[in-house]
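Two complexes, one shared chain (subunit A), two partners (subunit B, subunit C).
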Partner chain A sequence: MNIIETKELSFSYKRENDEKVVLDGLNIDIKEGSFTAIIGHNGSGKSTFAKHINAILLPCGGSITVCGIDTSDEKKLYELRKSAGMVFQNPDNQIVATIVEEDVAFGLENLAIDREEMHRRVEAALKAVNMYEHRKRAPHLLSGGQKQRVAIAGILAMQPRCIVLDEPTAMLDPQGRREVMDTILSLNRENNITIVLITHYMDEAAKADRVIVLDKGKVRFDAPPREVFREEEKLRDLGLSVPDSTALVHALRKKGINIEKETLTPKECAEEILSVTVDIRTRLKR
Partner chain B sequence: MIRDITIGQYYSTDSVVHKMDPRTKILWTLLYMVMLFVVDSIYSYGVIIAFTAMVIKISHIPLKYILRGLKPILFLVIFTAFLNLFLVDEGKVIFEKGIFSITEGGLWLAIKMAVRITLLIMGTSLLTLSTTPTVLTSGMESLLSPLKKIGVPVSVFVMMISIALRFIPTLLDETDKIIKAQTSRGADFENGNPIKRIKAMIPILVPLFVSAFRRADDLAVAMECRCYNSDAPRTSYRKLEFGINDLSALCFGIIMVCTLVLIEVVS
Partner chain C sequence: MIEFKNVSYSYNDSIGDNAAAVKDINLKINKGEFIGVAGHTGSGKTTVAQILAGLIKPCGGTILVDGIEYSDYKAAARVLRSKVGIVFQYPEHQLFEETVYRDIAFGPKNKGLSEEETDKCVRRSAALAHLKEELFEKSPFELSGGQKRRVAIAGVLATEPEVLILDEPAAGLDPSGRERLWGELHKIRKEQNTTIILISHSMEDLAQNAERIIVLNNGEKYKDDTVSNIFSDAALLKKCGLEIPEITKVIKLLNDGGMNIPENIFDITKLSDVICQRLGATL
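After this line comes the complex of A and B, so read on.
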């Protein structure tokens, strides 16, 4: 079943005589329970697309349906935002309360959920992102990765079917990035929550089941990561790159070393290279 | 400079004072302020000082920590004391030189004002030191809630305060960063006359304001995404519980008011 469906979705910013087209007729369907990464150069429209998913922006043309709700239907706005949560880039600017557990409860307070249920859900959400032991702490004393996980818990407590993350790791250190990515992956696999991840880190995109490449408001590629990253040259033309492990294999291939498989992680890459060198060694021995 | 700011700071201990209902503490603080400015007799001050000392003792907050909060207003205390000392002309003259003269009344008033301001700051900081900002704001919301009936947007007001408190540390960090960035580019904030120094603040304030507005915008979007609607009814995560301690604290308040009234009438 599709949780997000767009039909000829268009959006443009209008200034006096100038019109800047940001999204240009997007047709993207996202399946429930999937993990989709959206990559694109700055200004490709990826963040604008994300903001359409829970009606922060409304389409100028075409339509977008999320969980069966047309986002331009104002009456169902809160229902929509409850089922499609959003996590932003700067963790400091999305934490409302001065204590971790109270921040997680913020969305639930807004939905007027009663206290007992609220405590249950806050506990479950904090445990899911592995922040339960920090529940009494002040958010400004946490690390970037921890803050971002609190922000994710705040969304999670509302029990959404889909979470959209707009470059959630852009301001974090490598340790924080790893924590956030592990959390996202476990939510997708264990809680069956649909994930839409906007990112500019290719190794993060490689972890998704599907990668959509946007350029100038249009879909340029839409395939599993292995297939998308095979097109290294075309991606470089769009100002994007591929994961280092993929790039290494491509470079070796150009030198005439025959590695067939596309590799996405360092481990895969090492295994492939190893198997090829073993081949060469046995040939030399003969 | 930035580390001296202690607004809304919380000192965590496990004392009875900390566990008390915020409403009790707010009411007590108000009562305390009124008492401080109404009483006149030296014995009443004795009672209030003894009371303050007792609360500090049972709150388990180190006295040193509370006194540190007095540092920024030390100047104000000394300044008002001096004004009272030299300007009030009442009673017997104790000391005279040229145009300066100190009278008995002036001396008494100077001491009284200094004690008043000191106690006022200590008392109110006890409130914020023993209560987290969130609890404090929910206490305020509960106390102000009767005003909702006449159309005062109490919850919006309380939300504003709690967000302001939430962003104090964030913006302080930011200010620190901006000061460092500007200093590294050769800005000088420490030398020159006061006008020059005020002018030197501009390169700090402009980026600070720009970033504060950007943060406000981001936060508003993030809050909307979490279904915030200031008009809709909300529930509260934290439950305020008015317990036996609160009741006894309020009873004690009444006893203390009676005692003070008695002292004032007698003297």
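After this line comes the complex of A and C, so read on.
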């Protein structure tokens, strides 16, 4: 089942003189429970697309439905935002309360649910992002990665079916990035939450089931990471790159070393290279 | 040219030693170096950068500039500010004029350069920062994140600093934007022998660009060494929230599998050459 469907979705930020098309007839369907990464150079339209998913922006042309709701249906706006939550880049701009657990509960205040259910949800959300032990702390004392996980917990408490994350790791240190990526992966695999991740880190995109490449508001590639990252030169022309573990194998291939598999992680990359050396040795023995 | 001796800083004097943002740091910045600074969020990177730039007064320790120890902080700050330019973590925080041109012109004008000299300086700095002149009459606030960063860099370059500090300048830039920025920094360094201090969370970016890396951890200087030495100890880096670059992970795995490749290769083409040699040798 598709949780997000767009038909010829178009958008421009109407400005008198130059009306630039930012989204140009997008047809993107996203399956429930999938993990999609969106990559593209600065200004390619990624954030604009993300903002269409929970109706921060409405299409100028075409349509987008999320969880079966047409995002321009104002009566269902609240239901829509409950089903599809957003996490943004800057961890400092997303926290509202002075205690972690109150921050996570914040979005629930408007829901007609009793205290007990609220506590249960906050507890479950904090446990899911591995922040339960920090529930009594002040958010401003947390690290960047911890703050982002609190922001994710706030969305989880609403029990969404889909989470859209717009460069959630751009401002984090390596450990923070790892924590947030592990959290995203576990929510997708264990809680079957649909993930749409916008990122400039190719190694993060490599962890998705599917990579969509945007350029000037159009889809340029849409395939599993192994297929997309095969196209290193075309991606570089679009201002992007590939994971280093992929690039190394490409560089070896150019020098005539026969490695067929596209490798996405250091482990895969090293295994392929080592198997070539084994091949050579066994051939020599014969 | 700049030296810290036991420099400390605390945002809040009333709390004990533990609360200090920067603790008892000794370091040396030499002319023309490309230095990387790494450390977890809150480790003190921005605070150290601001002390270097003469923007905040340390609570303890001494700062030497060109070998001269200043007993009066005001005098030290004046010298530091004249030599060190800083591109802030959030470039929005340092753009304030109505147009891009005026923003870049602010520094040189303030220094008392003539209209004509200022104009030359603005154009040269904009070119160095890869900023198109067609943006000169726009408001800095209409620009994209990457463009704002370029205006901030051009504005700092216009003051002709001997030391250029960039605080996480690549956050949110796409891969080609990052590459271009590194290219510009190397060019600036080559053309003007500018010392570059790059603060970054990307170990790949630091490995590929810096010569020396200073690692901060909880306000202390944890390590200060060549890039090769810093990235040779994965366990140590992990302990302070950092990592080794992806390519170093590959080399370690290859070596575990019996290959013998130097770990201090951070360039993919170079590594592919070495692997080819090794494969050739087995033939």
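Definition applied: the second predicted complex is superposed on the first by the 282 of 286 C-alpha atoms of A that agree within 3 Å, B and C clash if a C-alpha of one lies under 4 Å from a C-alpha of the other, contacts with A are read in each partner's own complex, and residues count from 1 in each chain.
Everything below uses one rule, namely that a residue touches a chain if its C-beta (ideal position, glycine included) is under 8 Å from a C-beta of that chain, and two chains touch if they have at least 3 such contacts.
For clarity, every value in this text was computed on a predicted model and none was experimentally measured.
Applying the stated contact rule after C-alpha superposition, one finds that A:106 touches subunit B and leaves subunit C untouched.
When the two structures are aligned on the shared chain, A:78 is found in touch with subunit B, with no touch to subunit C. Using the contact criterion defined above for the overlaid structures, shared-chain residue A:259 touches neither subunit B nor subunit C, since it reaches no partner.
By the document's definition of touching, neither partner reaches A:223: not subunit B, not subunit C. Once the two complexes are laid over each other on the shared chain, residue contacts for A:93 go to subunit B alone; subunit C is not touched. Of the two partner chains placed by superposition, only subunit B is touched by A:54; subunit C is not.
In the superposition on the C-alpha atoms of chain A, no part of subunit A is touched by subunit B in one complex and by subunit C in the other. Put simply, subunit A touches subunit B in their complex at residues 54, 56, 78, 81-82, 85-86, 88, 90, 92-99, 101-102, 105-115, 118-119, 122, 138-140, 154-155, 158. Taken together, the subunit A residues at the contact with subunit C in this complex read 40-43, 89, 143-145, 167, 170-178, 200, 202-203, 236, 239-241, 243-245, 247-248, 251-252, 254-255, 257, 266-267, 269-271, 273-274, 276-277, 280-281, 284. By the touch criterion given at the top, residues 39-42, 144-146, 168, 171-177, 201, 203-204, 241-243, 245-247, 249-250, 253-254, 256-259, 268-269, 271-273, 275-276, 278-279, 282-283 of subunit C touch subunit A in their complex.
By the touch criterion given at the top, residues 132-134, 162-163, 165-166, 169-170, 173, 214-215, 218-219, 221-229, 232-239 of subunit B touch subunit A in their complex.
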